[in-house]
Amino acid sequence: MAGDELAARKNDHLDIVLDPSRTKRNGSTGFAAFAFEHCALPELHLQQINLGTTFLGCPLRAPLLISSMTGGPAQAATINRHLAEAAQALGIALGVGSQRIALETGTDHGLGVPLVVKEVGAGISAAMVRHLVAASVTVIDVAGAGGTNWVTVEAQRARTPAQKQAALAFADWGIPAAEALREVHQACLGTPLIASDGIRDGVDLAKAIRLGGDLVGQAPAALPGALRSSKAVIEHFNVIIEQLRIDCFRTGSADLTAPRQARVRSPAQPPL
Amino acid sequence: MAGDELAARKNDHLDIVLDPSRTKRNGSTGFAAFAFEHCALPELHLQQINLGTTFLGCPLRAPLLISSMTGGPAQAATINRHLAEAAQALGIALGVGSQRIALETGTDHGLGVPLVVKEVGAGISAAMVRHLVAASVTVIDVAGAGGTNWVTVEAQRARTPAQKQAALAFADWGIPAAEALREVHQACLGTPLIASDGIRDGVDLAKAIRLGGDLVGQAPAALPGALRSSKAVIEHFNVIIEQLRIDCFRTGSADLTAPRQARVRSPAQPPL
Amino acid sequence: MAGDELAARKNDHLDIVLDPSRTKRNGSTGFAAFAFEHCALPELHLQQINLGTTFLGCPLRAPLLISSMTGGPAQAATINRHLAEAAQALGIALGVGSQRIALETGTDHGLGVPLVVKEVGAGISAAMVRHLVAASVTVIDVAGAGGTNWVTVEAQRARTPAQKQAALAFADWGIPAAEALREVHQACLGTPLIASDGIRDGVDLAKAIRLGGDLVGQAPAALPGALRSSKAVIEHFNVIIEQLRIDCFRTGSADLTAPRQARVRSPAQPPL
Amino acid sequence: MAGDELAARKNDHLDIVLDPSRTKRNGSTGFAAFAFEHCALPELHLQQINLGTTFLGCPLRAPLLISSMTGGPAQAATINRHLAEAAQALGIALGVGSQRIALETGTDHGLGVPLVVKEVGAGISAAMVRHLVAASVTVIDVAGAGGTNWVTVEAQRARTPAQKQAALAFADWGIPAAEALREVHQACLGTPLIASDGIRDGVDLAKAIRLGGDLVGQAPAALPGALRSSKAVIEHFNVIIEQLRIDCFRTGSADLTAPRQARVRSPAQPPL
């Protein structure tokens, strides 16, 4: 793809993702299909809870990644500056680069943030993961279906009605995020895992950790703030971090142990 | 929490819970997931049915507790007087005190009604119950999810939009009331059990007994009456008691034996 | 109940059941949970199909019973005359008498139609059926939940708001018709069985036979016609009989063999 | 049926099927109950993918059949000419003849397209298929429920209200297309199989192949185009063919191997 075309495409993505009337989720992520078991007497203080973790040797104040983007658009430069400043201030990770670049270089990118093999919106199967690990990939970003629907985003950029119609048959395509995550985790125990796609809040974040994520990514939800200021981005992620903290509190955990191991329940079984 | 602040909070609770447009249930209690088996020929008279029971040595005319509240507000004093007069007239139990006080004192509170370890709106896990029983707690009040949604109630009291947003991620949190009840019952056979949260009528009440409750609590549904008079409260609970009586009749039981042991069915299996 | 009161009650029933805005079904009958397997090449003519059966020694042209009613009301007399004339013309059965009378006499009633132990709207459990068979009852009419909702019908006749509210907690009570039927059939193989409640059309009728019914009853659906003329009643039941005939055709059966034995399928299993 | 009557019937079918307000699907096809596993790194080019297949010795550029119709109507002649020209240009199959004729002749029909035993809208059971194969039928067209609802189409042609009402009880009749297909395939491994009914797009087409279809038919969706020109028909099917190509791409398959064998997943299991 030529540079101009790529830039135009990235601008289109921004415009579409920022307009709620033009975006829709593809199916469900599957996170709602299970829930943490409530701990009625946590015996700890909310403020004591330590959300810190280490990812590829880098200490982070929370297991959170701001998924980001490369490419031409002027708008994107501002956005990424705000995201980077926020990541710095919050002590969380920032993702850069497109999958294409990541696959070609397979190295660190200068911002102290690892590059990853990443698939967006349709999930990675266990078979593919074993293939990637065998090919010495160090980090996998598992994004399944249920978040931003890239099929419908791209369908809005279709040049002909036929192209658009052809694309829309795939609007529901993809392994739900939660299932993709669990399968990949089981297929590559030990390989650092990023979970993206469809993370709405800190409860989803905790569930993504529970399913095997080492780091959890969120992107488009931060975009409205990122257009304004790094402060707005910080405020956005502070809510998510606070929710993760409350999730730890409600599962009685002073650190990430509970999100990683706590008992979960799937709802809707008759009690008798 | 300071006295004034607590009083303000209690007033807020009353205002919010009394306004249907501001309250919503969190998920379902799970009581609808099973049903008593109908007894086509009960061979008894409705008026013969004896709903009497004994709780902690106190005889009651029905296994019913009016869950109540402590705290400053003038409004609450009137409400509680009406509730207390109604409990007296009906020969049913009245709950007083907040969980905090209950945990500290662990003793009777003067109105002849036992204090209990109680969790509201999210359920108690089996693990926690065994912990409480080991710590010599005498009564457990199991309130699960599906009734008054305290997360959304408190969210309406949030001081900042960020606080509110952080809270709302937990609106669906909690073990459904019916499941929590069954689990706690199995984990602490012998410990007197109060079932609260989400009891809408005498059929739910009978189901809560079926799942192991010795006493069944109801609170906010009685509030509109409690603002008016003890007579209005009595009328409210008489309907519930009459429904429990009809439930006994329809399961062919002259006392609480059927609610405690009757065969239940879970709907929605294909008959062939 | 005094005669006048009973007559008033029967009149109320008619008025309520005839007014669609005042009646609602209680839950589902469960008939929709399974379906006959389609026979793509029936190799028979629709008009050849013989729906004849014998019930308690009486030959019938179809396994159909017009469930009816006794009691005072003038209106009911006309209705029952139309129903009786239609039953005669169609060669199908007509039910008379109330359960109360049936239980006391246990004998034939003069119209050549047997009286039955019958429960309406909540089903009979297997345990109760064994009890009835042991007590020498000859015919059982199994009516489960899912048809006319007698709880809501009676609730509209409640004398006080409290009575009405007490009743409405039972609006969903009862064993779904299809389940009740299957259970009773298995509990009393050999005892003639009538299936009532919630039969909407000839497909439901065939399913009720498949679940063990020897005769299938329908009542309120025939009421609008019964107010007009026996011709209107005949037209109503001719549609149902025609549907039963088509059901036999579509299952490749020249008589009631298929409705009694054909393979059924429960929908909604993933094909792979 | 007389020629005139048949012609009138065919015209009615066209009018009804072309009017969205008069057509409805009967239940679901069942195709949505499973999904192909996504292949994140296909390692092939979209344009390389070869969709070619052979059916009864005839090479086809895609496993696609335009299901068509015989009969009198002038309108139908135009439609069929457009469909035939499109099939020729696209290198896909065209179905002709009614089931009745097919069963009587059992031979080729001159357009180089085989005639098949075909049932429309209700599915063929495994038992019936074994019967047909034993009777030397060479091709089976399995059309199950979930597509054009022929019961409601015919109900709109009913001569009397009673006929219409009798028919409508069967609006939900039939084995869902996907289930019928899988069962027939398992019952007659080796017999060429056409899958019709309810195919909305190339993803459904790929799923129909996955369930055992050798050729997949589509008809009414092409009708609006077929009224206009062969070009419009070609454009319609090009979208479907492009979708099948994308489906192959997304399952990492350079030909029809993946649609035939790829791993599938049924959604909606809790991930933990």
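A, B, C and D label the chains in the order they appear, each numbered from 1.
Note that a contact is a pair of C-beta atoms (placed from the backbone, for glycine too) under 8 Å apart; a residue touches a chain by one contact, two chains touch by 3 or more.
Per UniProt, the chains are A, B, C, D = Alpha-hydroxy-acid oxidizing protein.
Bear in mind that the values here come from a model prediction, so they are computed numbers and not experimental data.
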item	value
Interface residue overlap between copies chain C and chain D, same or different (over half shared)	different
Turning angle required so that chain B lies on chain C, C-alpha fit (0 to 180°, nearest 5)	90
Whole-Å separation of chain centres (CA-atom averages), chain A against chain B	40
Between chain B and chain D, centroid-to-centroid distance (C-alpha), Å	57
Where chain B touches two or more other chains at once, by residue number	none
Contact graph of the chains (line, ring, star, complete, other)	ring
Full enumeration of touching chain pairs	A-B, A-D, B-C, C-D
Parts of chain B lying in touch with chain C, wherever the complex brings them together	32, 35-41, 200-203, 235, 238-239, 242-243, 246-247, 250, 263, 265, 267-272
Chain D residues within the chain C interface of the complex	27, 30, 33-34, 119, 122-125, 128, 131-132, 162, 165-167, 169-170, 172-176, 178-179, 181-182, 210-211, 264, 266
